[in-house]
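After this come two complexes, each holding chain A, first together with chain B and then together with chain C.
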Partner chain A sequence: MEYQIKNISPNNLEQCIKCTICTVYCPVLAVNPDYPGPKQAGPDGERYRLKNPEFYDAALKYCLNCKRCEVACPSNVKIGDIIQTARIRYDKRPVSLRDRMLASTDFMGKMATSMSFIVNTALRMPLTKSVMDLTLGIDHHRSFPAYSSETFESWMRRKAPDQSRFPRRLSYFHGCFVNYNNPALGRDFVKLMNAIGYGVSLLEKERCCGVAKIANKMVDEARRDARLNIGSIRKAVSQGRPVIATSSTCVFTIRDEYPHLLDVDNADVRDSIQLATAFINRLVDEGRVKLVFRKDYRRRITYHTPCHMQKLGWSIHSVSLLRSIPGITLVPLESSCCGIAGTYGFKKENYAYSQAIGRELFDRIIEAGVDLVATDCETCKMQIEMSTGVKVENPVTILAEALDVEATMKANGVI
Partner chain B sequence: MNHCKEHYDIIVIGAGATGAGTARDCAMRGLSVLLVERFDFTAGATGRNHGLLHSGARYAVTDQESASECIKENMILRRIARHCVEETGGLFVTLPEDDLGYQKKFVESCLQAGINAEVIDPAIAIAMEPAVNKDIIGAVKVPDGAIDPFRLTTANVMDARNHGADILTYHEVTDMLMESGRVCGVELREQRTGQKFRVRSSLVINAGGIWGQRICAMAGIKVNMFPAKGALLIFGHRVNNVVINRCRKPADADILVPGDTISLIGTTSSRIPIDQVDRMDVTGEEVDVLLREGIKIAPCLAYTRILRAYAGVRPLIASDDDPSGRSISRGIVCMDHAVRDGIEGMITISGGKLMTYRLMAEWAADMACRKLGLEGRPCRTAEIPLPGSETPEPETGVRKRKSHIIELSTDQKAAQGRHGTMSAEISYNADEDDALVCECEQVSVGEIKYAIKKLHADSLINLRRRTRMGMGTCQGGLCACRAAAILRDETGNPPAALEDLASFVNERWKGMMPVAWGQTLVEAQFMTWLYRGVCGLQPHEEACECETNENADR
Partner chain C sequence: MKYDTIIIGGGLSGLMAGVKLARSGSKVAIISSGQSALHFYSGSFGLLGHAGGKELLHPLEAIGSLPAGHPYSKIGAESIPALADDAKRIFADAGLTFIGDASKNHFRLTPLGLCEPSWLTMDDYATCENPSETGWRKATIINFKGFLDFLPGFLADGLKKHDLPCNYAEITLPAIERLRRNSSEMRAAAIAKVLKGPVLEMLAAEINRAAGDSDVVFMPAVVGIDSEQPVRELRSMVIPKLLCVPVLPMSVCGMRSQIRLRRYFEQLGGTYFLGDNVTRGYMEGPVLKEIETANLSGMSLQADNFILATGSFFSQGLAAEPDRIYEPVLGADVEAPADRSLWCGKSIFDNQPYMQFGVVTDRDFHVMFNGVPAGNVYAVGAILGGSNPIREGSGGGVAILSALQVARNIIAAGRADMSEAQA
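And now, the complex of A and B:
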């Protein structure tokens, strides 16, 4: 055969051999029969959409973009990408005010932190929740995370200890949640990195990674943010600073969604964008840093694998680090989707599905009888805390809390 | 399903497009008609062509008569067979290696034949169809389109039945009943049981395509058919949405047609002995030629997954010694054997092409009426739409499954595309009806049930031709056993269900084999695991007798 010798097709949908394994791993299909499932929404549906865009099925909006289908696929079909691209390309309905609000994490965060007390009080009031439910379609069961009175960025600029005295440097991609809602995690990250000899700086400019905008079809806005982020990241990397984030979703989006969903090239810096636990664990593995923990820290915890962490394949790093804390009893937890998928679970029409998807996970967590759930994703944290009542923290916070800072600094020659 | 009277006005042999069209035309003129077919509708050349709604442009330079017939029928089919036609438009492109001088002659000939051919800037052609080779030096726009031969034939058969015709599939004509030198009926063999019986008629119309030579021989009539084999490749998804032809003298692999969810490149042309017409295997050389030439008009074919290969036989009547068979007229041959051979009671309708099936039927029915002394019954097939194409727009009011989703599900949209207005008859009353049988081609349980009840289907291969089930990427990997279960439930106890399943899977494999590399090979291997490993289907020596001769088709 003279032609098609390599038979490597850029038509990724052709790699699908219809084995249907993805369908088994789709968390949505298990609870929502109206969703066609990854195979049909992805490669199967794409054949029809290529024939005529009118075959676009509005039910594709039920896709969580969790990428569990892609992890399951033995033929390397980018099922999630095919679905997201189809939504972007063929769904011509305008983005609703609600979706725009949910997706504009930066804008909403800036507004809210400037008057956090009023906003937090208002967001907690049942009346506000009912009004938002009725007028916007944001489900009344949901609680918005409290907004911080001071952003993490402003804390870094004004109050953070001097970072220039540390022998090594990195840039921190904090993400919207740390900046506006949970600056404590950012402070924990700085504490942890300082203890092992890394000075932390902000990126020159940072915008939302774009995951929420992609999910809500605000692609142009997401692309603008992505270009700005990659520009800042490129600058940091060129100055010898790797870019580290504490959110698995931010890392995943910047590394793996920018090039093909937003057409923003990141090939030159992709390897320098790392998740905190993966970065630290590799250093520990290579013997380049040592972590020393407090003797009095005692916790029974479990680790929840966020979907994007599953896709990155990095939960092993978080789990290994947590295991290295002597006082921790780590209860194994099967990896499954919690159901929130960022802004997805906030939408009234998705609330029931969102909770149904997470049901088994919630039951297992409650059954495990843990003090704390560790996870690298902020929306998983919101979902699990709301649905189980168990406190959830980023592994970085747990590490920082368990750390014997002085001993660690000594062990790493920082002091 | 199969019952018939003792005597008919007309027995039509062969349920390809021509036979089905002839049966419809005769039935609409009030004749009592029996349509007999040795396998299934479209099992011959009708199911093995390009599915191209020819504008006639391709024949304009060499055969004005065919070209002008084509464009007339093209316009008629857009009206009467709306649900079988896709108005894609077509391009005739000139590659750097081709003579641009041919274009002028080509356009002139088209205009002369009444085909609206318009020279356009190559840049505009590339914008119209991005899959076309970017190096083209000339382009002409013509009113080509795509036509689904399966739907077209089925619609004709159904309408013949609506007008009182009886249909017998899997009944082979084994002999002609001759009485004092005239044909007065046929002897039929029920393929599945082997049982033979006779049916009488005032007239037999032989629409057996290339097999018509054999039919004639049964009546002692000698006709020389010219079997020219043409091979085609089916690509896994649509690479083009506009028909692309090469603007040169007709040659190998110079037409790329979008057909439903796929694209087809073809054809080759090679003379084969008449005794080979039942063995249509595509050779490696043919695949090579199709790819080599196909890549020139659409470079993406170099890496696009190929689903399958198949070949058909052009049923042309030999008129000269041209070894390629291409310069032969595609003209219609309608023979009254009383005049030609002195044998009364039989007409042969042959030559022509899918595009002119309706006109061929008209000629045959005109001749039949004349012979039966029933003049004054005009042909109405050019005006009255086929079932499925009746109203300008498909009927609304199909039950929407998803109350909170404003539109139809994909399988409902696909079914509307396949059955036109007839899709309103597909039931979505139970949740199960909207479950999918064929996921690649979006065929629901309801659609399969509809095909079994209304479209004369009682085997998996029948169902494939009625619905596209099993014609998609996985080539029957997932749908065949599901459909087999529905067949069992709907028909009570279908004959030899396991053999049916095996012959379906084997037929799919026959088409995949010539192109079994890359993911197509992986797919075939996966299908083997499914059917042998999971379902426990055993390979068997003799597939169902009646289908063993059936070659791979689309």
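And now, the complex of A and C:
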């Protein structure tokens, strides 16, 4: 008698026992009854789709790809991956101009930063917002983040302090948001890493991590970018430089979505791709690095766990570092989705759902009465700032601001 | 990262142990591979409902005659009342109100209208001290239109045996009608998410209308996903006595218990890692030094003590292959016959031997590895062998009391170490 001992289905499909725990924790299902929910859209639907692709349900587009279903699943079924793979494989509708624009963060960023003043002014005008709403379906409630007049990359090349004098080196995957919209975070990262003895270099070539392209089914383009990124990352790692990012979604995409959704193998370098707070906290935990903070820094802060950070399981790192700042009062905040999910919340048809998903979180943040929300994701930042009026910063910015640079450099033997 | 105790498994027993330890000031982490079996909770915990083929009214009296390998025998009958009281205090502090006492079982109303002996039942649910004198004179059973996970006909049939006349009424509200657009996803949790605020007032009005002159209303347990507050609000507005009856999972009260216990654990300073899996453990002789997890790979998690609270087969704390039953996380010894034909009874209603399989421990719940007890690894909850939760009605009791016993021992040993150091 022969037995099949191990599960051999892709994404652990066969391990689903139909318990429905995932459906309880799906943020979309709670607000949108037109979404079939993770169990039906994922493992249940997949059984049908494997028989006949005709069973593909267009309502799968409502999935945020937040992966909270996977975090909840006690049987380790990769529910989110099943849903996203199905969208990639079976949804043959052409990609709209709007979706292309939203997903092409690199291209749009390049265009916009070259004439940032005009673009920023135009994007702020109610008329532009109405036109974009009517013609493209980009919801008029949304504000695009302001574009910077100088990209982070060009600042690094021209203005950054000399990075070769530091004893250790790393490469920074800055991501589109830092490059085009928030280069200040990149500068904070350089300041922080320099203080603990790391020189920062750019990757030889960096493209968008691809998260927006995956969400908008521009898979061929996403795969091209992914291969280019992994090529650059491989080169950095082979020269002894780990690759560190400040965006939890960039890190998650490169580490997990590349192999799972894009078939881009990263096994040889995956462990060397790290989130800044995870990288630093590990060094602190192992006693290899010491952070010294200013005595006059006082803030009441709460930490919001982005969905992909929840999936990575790394909020402990950001929270531990923030807690180590003596002047910070950290108010606990229960983890739930903010609703924006990258480009999802920008789309007119999703706007109301996006805000309904985030409602609970917004109320809790307002109730917490904090000076600042810390989070590792740039689109969570946009959403929370827009919906609560509370300022949101990456933990790296907060650490850099609270840091006593000179004392830290001394403590780590940098000066 | 270094903790005093790391608990593998974040369900009922893991959380109880975690809370007890964190209350004593320990630095505790819980690693949970996903949401727990508490989501399948009936609303009641049993201590010992049946033994020797008899229904029990006084469980403590029967505990002394259980076999030596039973978790209760290892705890010791004399320790159980104090642990049981401790459990009630912990639940109350976490914001969970239970009725019941270890000295005497009460009876919970099942969805089939039967009365089953129980130790603790959540305050929402229908219970009675004596099935032949429930005190209920006339009942109205309500259900929500389109909700298929509650079967009023079965409940009414069962209640007829208690000579309780029942009306049935179907209720709907605009918020419920909206859910019906996705009929197959209309489960308890989905309903609970909309039953709050002004919707509760509308619901109370509908229930009062439907109840007529009934003195008791039974409704499906679909209120209060993260707190008891909505149940209290609804009860205050409904004229007859309003009692909940369990429905098919996901259990709303189970989620409330999970959320409340976890929140309380975190308030006490505990760290809860959700959605992570322990990938390996490093033993030095009989001592587990550190573990590694999938998410925190390359980073060691160290602790003085480890508690294995990973559950039974359902939660994958135990795993079965065609020719073996094993403990997949640390590779602990498991007590189960090699002969596969001895694992199961022939009929589903027969005694099922696999229900009693579990990891091997000594009397203090130290886990055995190759016949040697580990110095600092304990097992608690459903992963323990020697009891049959279904036949005995003891699953909740074993999970809660073994967890509290181990936590108590760890705390006591820590205190002893400290006074030794001081001396």
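Definition applied: the second predicted complex is superposed on the first by the 407 of 415 C-alpha atoms of A that agree within 3 Å, B and C clash if a C-alpha of one lies under 4 Å from a C-alpha of the other, contacts with A are read in each partner's own complex, and residues count from 1 in each chain.
Following the convention adopted for this analysis, a contact is a pair of C-beta atoms (placed from the backbone, for glycine too) under 8 Å apart; a residue touches a chain by one contact, two chains touch by 3 or more.
Since we're looking at a predicted model, the values are computed, not measured.
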First (chain B), second (chain C), both or neither touched by A:Met111: neither
Touching partner for A:Ser75 - first (chain B), second (chain C), both, neither: both
Touched partner set for A:Asp34, first chain B, second chain C, both or neither: both
Partner chain in contact with A:Cys19 - chain B first, chain C second, else both or neither: both
Contacts of A:Glu349 with chain B and chain C, given as first, second, both or neither: first
Chain B versus chain C as contact partner of A:Pro332, first or second or both or neither: second
First (chain B), second (chain C), both or neither touched by A:Arg47: first
Touched partner set for A:Pro10, first chain B, second chain C, both or neither: first
Contacts of A:Phe55 with chain B and chain C, given as first, second, both or neither: first
Footprint overlap on chain A, comparing chain B with chain C: 3, 19-20, 34, 36, 40, 75
Of all residues in chain C, those that touch chain A in their complex: 1, 33-37, 39-40, 178-179, 181-182, 184-185, 187, 189-190, 193, 249-250, 255, 263, 266-267, 271, 273-277, 293-299, 315-316, 321-322
Partner chain A, residues of chain B touching it in the complex: 236-238, 241, 258, 260-261, 284, 287-288, 291-292, 295, 302-306, 402, 404-407, 409-410, 413-414, 436, 439-440, 442, 472-474, 477-478, 517-519, 522-523, 526
Footprint of chain B on chain A - complex, ascending: 1-4, 6-11, 13-20, 34, 36, 39-40, 43-48, 50-51, 54-55, 57-59, 75, 349
Touching residues (chain side chain A, partner chain C) in the complex: 3, 5, 19-21, 23-25, 29-30, 33-37, 40, 70-76, 271, 282, 285, 310-314, 316, 332, 334
